[in-house]
Amino acid sequence: MKSDKKLIDDAGKRLDGRGPEELRKIKIEVGVLHRASGSCYLEWGGNKVMVAVYGPREAIPRHTQNLLRAIVNARYNMAAFSVEDRKRPGPDRRSKEISKVISEALEKVILTEQFPRASIDVNIEVLDAEAGTRCAGLTAAGVALADAGIPMKDIPVACSAGKIEGRVVLDLGKEEDNLGDADLPIAISPRTNEILLLQMDGHLTLEEFNKALDFAIKGCNAVSEIQKKAILDKYQSVEVVE
Amino acid sequence: MKSDKKLIDDAGKRLDGRGPEELRKIKIEVGVLHRASGSCYLEWGGNKVMVAVYGPREAIPRHTQNLLRAIVNARYNMAAFSVEDRKRPGPDRRSKEISKVISEALEKVILTEQFPRASIDVNIEVLDAEAGTRCAGLTAAGVALADAGIPMKDIPVACSAGKIEGRVVLDLGKEEDNLGDADLPIAISPRTNEILLLQMDGHLTLEEFNKALDFAIKGCNAVSEIQKKAILDKYQSVEVVE
Amino acid sequence: MKSDKKLIDDAGKRLDGRGPEELRKIKIEVGVLHRASGSCYLEWGGNKVMVAVYGPREAIPRHTQNLLRAIVNARYNMAAFSVEDRKRPGPDRRSKEISKVISEALEKVILTEQFPRASIDVNIEVLDAEAGTRCAGLTAAGVALADAGIPMKDIPVACSAGKIEGRVVLDLGKEEDNLGDADLPIAISPRTNEILLLQMDGHLTLEEFNKALDFAIKGCNAVSEIQKKAILDKYQSVEVVE
Amino acid sequence: MTIVPAIKRDYICKLAKQGKRVDGRKFDEFRKIEIETNVVSKAEGSARVKIGNTQVLTGIKMDVGEPYPDSPESGVLTTAAELIPLASPDFEAGPPQQDAIELARVVDRGVRESEVIELDKLCLEPGEKVWIVFVDIHILDYDGNLFDAASLASLAALITASVPASRFELGEDYPLPLNEPPISCTSVKFDDFVVIDPSLDEEEIADARLTVATDENGDIRAMQKGLNGSFTKEEIQKVIKASLDNGREIRKQLSEKTGK
Amino acid sequence: MTIVPAIKRDYICKLAKQGKRVDGRKFDEFRKIEIETNVVSKAEGSARVKIGNTQVLTGIKMDVGEPYPDSPESGVLTTAAELIPLASPDFEAGPPQQDAIELARVVDRGVRESEVIELDKLCLEPGEKVWIVFVDIHILDYDGNLFDAASLASLAALITASVPASRFELGEDYPLPLNEPPISCTSVKFDDFVVIDPSLDEEEIADARLTVATDENGDIRAMQKGLNGSFTKEEIQKVIKASLDNGREIRKQLSEKTGK
Amino acid sequence: MTIVPAIKRDYICKLAKQGKRVDGRKFDEFRKIEIETNVVSKAEGSARVKIGNTQVLTGIKMDVGEPYPDSPESGVLTTAAELIPLASPDFEAGPPQQDAIELARVVDRGVRESEVIELDKLCLEPGEKVWIVFVDIHILDYDGNLFDAASLASLAALITASVPASRFELGEDYPLPLNEPPISCTSVKFDDFVVIDPSLDEEEIADARLTVATDENGDIRAMQKGLNGSFTKEEIQKVIKASLDNGREIRKQLSEKTGK
């Protein structure tokens, strides 16, 4: 699927004008839904994601309960109209896999042992999809969990790095994802830089991988600041209202 | 979907010879099935419908039980061979909606609070479908419920009115349904004329709507007499046998 | 589906060189899987079948439990790659029927009353399919049940007879099955010759049926010897090892 | 589930020892059979069969579609059965379970393997267009012996079916091309008694079931054993004999009712 | 599930006797409505509608496909709604249940029967190729009255939708051809009180629900009664009147927001 | 479910502190691998791989079909895995669950993204007809590390597969066109120990899992982290190193077994 299009010029400028280590624009709104325990609306480049958290509440059906801790059910779902060719409603294999790896990543930071038998349900709806929806969804989920007051060791955050035309860059855009050489989405716990989620497709030398991993971790840390600011803004504005 | 066919002539005579306020022919047999608690076979014009009632019996699965009253499960189903182009077996969206509105209509007249945790199952099988199967099904269900001895405030009954070529008429036939301007199926409790089910598609002025509603209520009352006669006939013939 | 091909010559020699009462080559390995309670790998002509037995263990979901005895769940499944045109994964109507008749046949010989509320699960995977997979599967299941130490009155065994070009023969091969006149797969309890499974498709006179039934019973008895030898071999080799 | 059947079993077996059945029939005697054809108007053919209180309605629909790649010059037969909750307090809504699937497949094989429908006459354009025949079995009232009721209703519906050529602008309608059908008769065994055409009570206590389809020459055209009991060779012979005898009577009645 | 609603019911009914609603509205008064269009970029048209705290997003996608055999010169409309677990603690993942199906079907009929989309203008090659219009209703926040929110979001999305002709190399994009849409207004009844635009609290104690869609001429274009209570004729008249009044206001707001 | 693993965890961790594993292996040591090819005759290619007691059989089937619209000149690859109840007391019948889906997708990406199959050479008529390659992974015995067993079985099956051109009357059969495959190696972490090729016991107590596929140049071609634990950067480096070392050995064995 190579094309003649130049994804990055000699000066390191990318199609959308970004430099190699530059993130797309990110906008986060906290507490946007009435019914949810916590919620977050996030725009990341052309991605639009809505997350609602429910729980902790009794896990049903019962046989799914864990006697020692809460289970974390992330459900990543793409709206039918979020992609160029309409997607049939309901989970496909891709969204089931993403739901699984996001659930596992979130479970690591949530203090699940405080809520035996409970479930914490994290509903991630992709409303508009450009490249990087799993990172956008996980990042929004971190904010929504904080908004719901779920006790966590840290607010998880995600970002990807990749390789285009032989160069390692941060946060692939859509064409970069389609035509690039490799994509490395990760999620971390920003306090410790522990890696919660990691997937890689493509072709990287060991050196490129190390560079991409460093880029992605730096990206996560930058996004983490935006997360914290959004949460703080909401908290402060609430105080003002009171 | 307009055509040149004249659905009603200037004298108010319809394709099948009926007048505007005339019902199609209705035939009701009570208690036709051996296994069911109550049953009814009903022909209404070209419609043929079989209804079996089971219960009250313990609702399963348990989580469907209501602690204070019985639940009413009407299941409207069309036989694969009941329509021109074979229908795939199993419920489609249309039959799920009809099952829902019929269940809700029946629940109003059944003394459900006498049977907490129970279910009353009303199985409606359409064997031959012309226009008006939901009215035929609900009407047959009323009879089958009575045959099953389910305590009810009243025997529910249904009938539709509609508009063809600008005129309000009772009980649309198949071509009238396909080519007409509006259809208004309703179900009532005939003792009080309370409306239990009401749907309307098409285009009616306020005045036409009022007229159609009156027609449909009158139609319901006429069908109600046929219901009662059928139930009585069965009851009497049973007495003769004894 | 008749063709010009001669399935059997005047001397009674069949396409693969067998005589009318000759079985295809059968090879049985016992205890080939690590996780299963008992297992068996069986080759029968071109058929390759793997069977794993689990249990007796608590039947789940609970509502499937029988208070007086164990239930036997045989699950006959064809691998996607076991047939000429790839089969979609998952059970189709044919495998559901075969699962049912095999379960029923096995239930007769297993001492199920020793394990109330339990299930005994018999997983039959067809890896390569020529004609006769249900007989191969049931025969392998008998061995795997013995390997699992499930108490049985007898080791069940299966074999088919059929009719090709007017002659009754034992154990139809693939082309014989496709082009033949009748197929009669049976399973028996070899100690008593009681018939546990019997299906017949095709066209047999009463006399032919009796002959085919006799052939099939004899075939079962021959296969039973191979089963016993395989079980014994394993048992002996275990002793040697110890 | 376990206590009541034990009492029922004792009672039925006690009667059987005296050579009697609960409803007064002989061991090799069917219940009364009623066959009614053309009972629904939208179907190309239909029949309602009652065997005692058991009641089955089969409707035939036809459509034009593609043949299977491995039989490009042959029409397609599709048989489906649903144990709809209308027919018994024990039937549940949902996709067909093992019992319904076995029922449909046994009826299907009875029609298919005996070439009741001449599928090769249902080809319109080889490899491209053939008639599809849908046999839909609707159980209305379940009081035992669905196999025979479903099979008989399906045969009667097929016999009276018209190919709806005019609806597809393919000329005039004509009768579905058929061969002489085999008749299916089912027996069950409990204790050591074998009875034909089991009632629901008898089915509930049965250990083993055997269905035998026989043709007008007295040949066997299909068999299916069911349930977790066994048969001896001698019992199988007995079942075949009863199936031949009753099959002959049923064939006569089917022929009278359908005029064929 | 049964105790709390009783308390809630008492409280709401007590207020109603005084002519009041929990959130201070009059019986025939809607909550505040917000309409925002073009909220997602991948869709051909989209709108987010808030009615109070209830929030629904509809996206329109179009594709080229085959027409239905019985209307070969007409585009195809497909409406789907999912009560995704995002929107309420009571919604569960899985295939659409009865409530979601009724919702989608009522919105669909509102669009289809009133010919909001001129489907006959969406034919590309009669019998071969037509435009397919997918109306996908995404519930984001459920605080009562999904019917009206879903219907309004779908209308706003349709009104602002472009036919993506260029993506299919069929010329330039152009607005979806539409007729004046009817506006749907829903009322519920509890005890003998009838209120429009029910909040979630009111829905939870409601006995009966009635949705009425009216057009710019004051005519009735669709109705749907729900729940296991009844209406008298008089109550129905009252509901229709309130639907006409509110429908007029909502139509004005829709027209302003969409510039049509 | 919760007590026994605690004991198991203690035991395994105690051993690990002494630098030992339950089965005597070193932390960076695989179990014995056996590769057997052409094990089923109906498949175009097949292989059974044992890693210790874990046993996986992959069969390749091919068919002629339509390409995806967005890659009209490319063959189609479809990978499916079923955790059939044959292979473990904990696997249940039914449609693939999350674990099976993740497994199939990771194997699929390993083949697809590294262009193991030259899909562009599997085009028959651009936009019309291409070869479809079905990779069906059948788990036979589950004793840990399905990812590597499934991946290796699939590679061995592909390497020995023939394109069944003759069956489709498209000329003579020929080997499936392939590129050098990357080898997948999986490690898990428990406490702070990282071990490669986990046995079932080790998997059951593992906090995190990391699969790394490396090629013959020592480059990384795919990675997948799983489970609800985390890795540090240093641990990831360690896992990559062990994957490279073991990958080299496994590649040699695969090449010997398949003669390629």
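A, B, C, D, E and F are the chain letters, set down in written order, and residue numbers restart from 1 in every chain.
Rule of thumb we're sticking to: contacts are C-beta pairs under 8 Å (C-beta built on N, C-alpha and C of every residue); 3 or more make two chains touch, one makes a residue touch a chain.
In this text the structure is predicted, and so the values were computed from the model without any measurement.
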Steps in the shortest chain-to-chain touch route ending at subunit D and beginning at subunit A: 3
Labels of chains that are neighbours to subunit B and to subunit F: none
Subunit A to subunit C, fewest steps along touching chains: 2
Farthest chain relative to subunit B (centres taken as mean CA coordinates): F
Maximum centroid distance from subunit A, chain identifier (CA atoms): D
Centre-to-centre distance between subunit C and subunit B (centres being mean Cα positions), rounded to whole Å: 52
Euclidean distance of C-alpha centroids - subunit B vs subunit D, Å: 32
Complete ring sequence of chains beginning with subunit B, oriented so that subunit E follows: B, E, A, F, C, D
In the complex, subunit C residues that touch subunit D: 1, 66-68, 72, 93-94, 96-97, 99-101, 103-105, 107-108, 184, 189, 193-206, 209-210, 213, 217
Of all residues in subunit C, those that touch subunit F in their complex: 33-36, 46, 48, 50-52, 54, 57, 75, 77, 79-86, 89-91, 121, 123, 125, 127-129
Subunit F - residues contacting subunit C, complex: 39-43, 46, 53, 55, 57, 59-61, 63, 80, 82, 84-89, 93, 95, 134, 136, 138, 140-143, 167
Parts of subunit F lying in touch with subunit A, wherever the complex brings them together: 2, 71, 98, 101-102, 104-105, 109, 113-114, 210, 215, 218-233, 236-237, 240
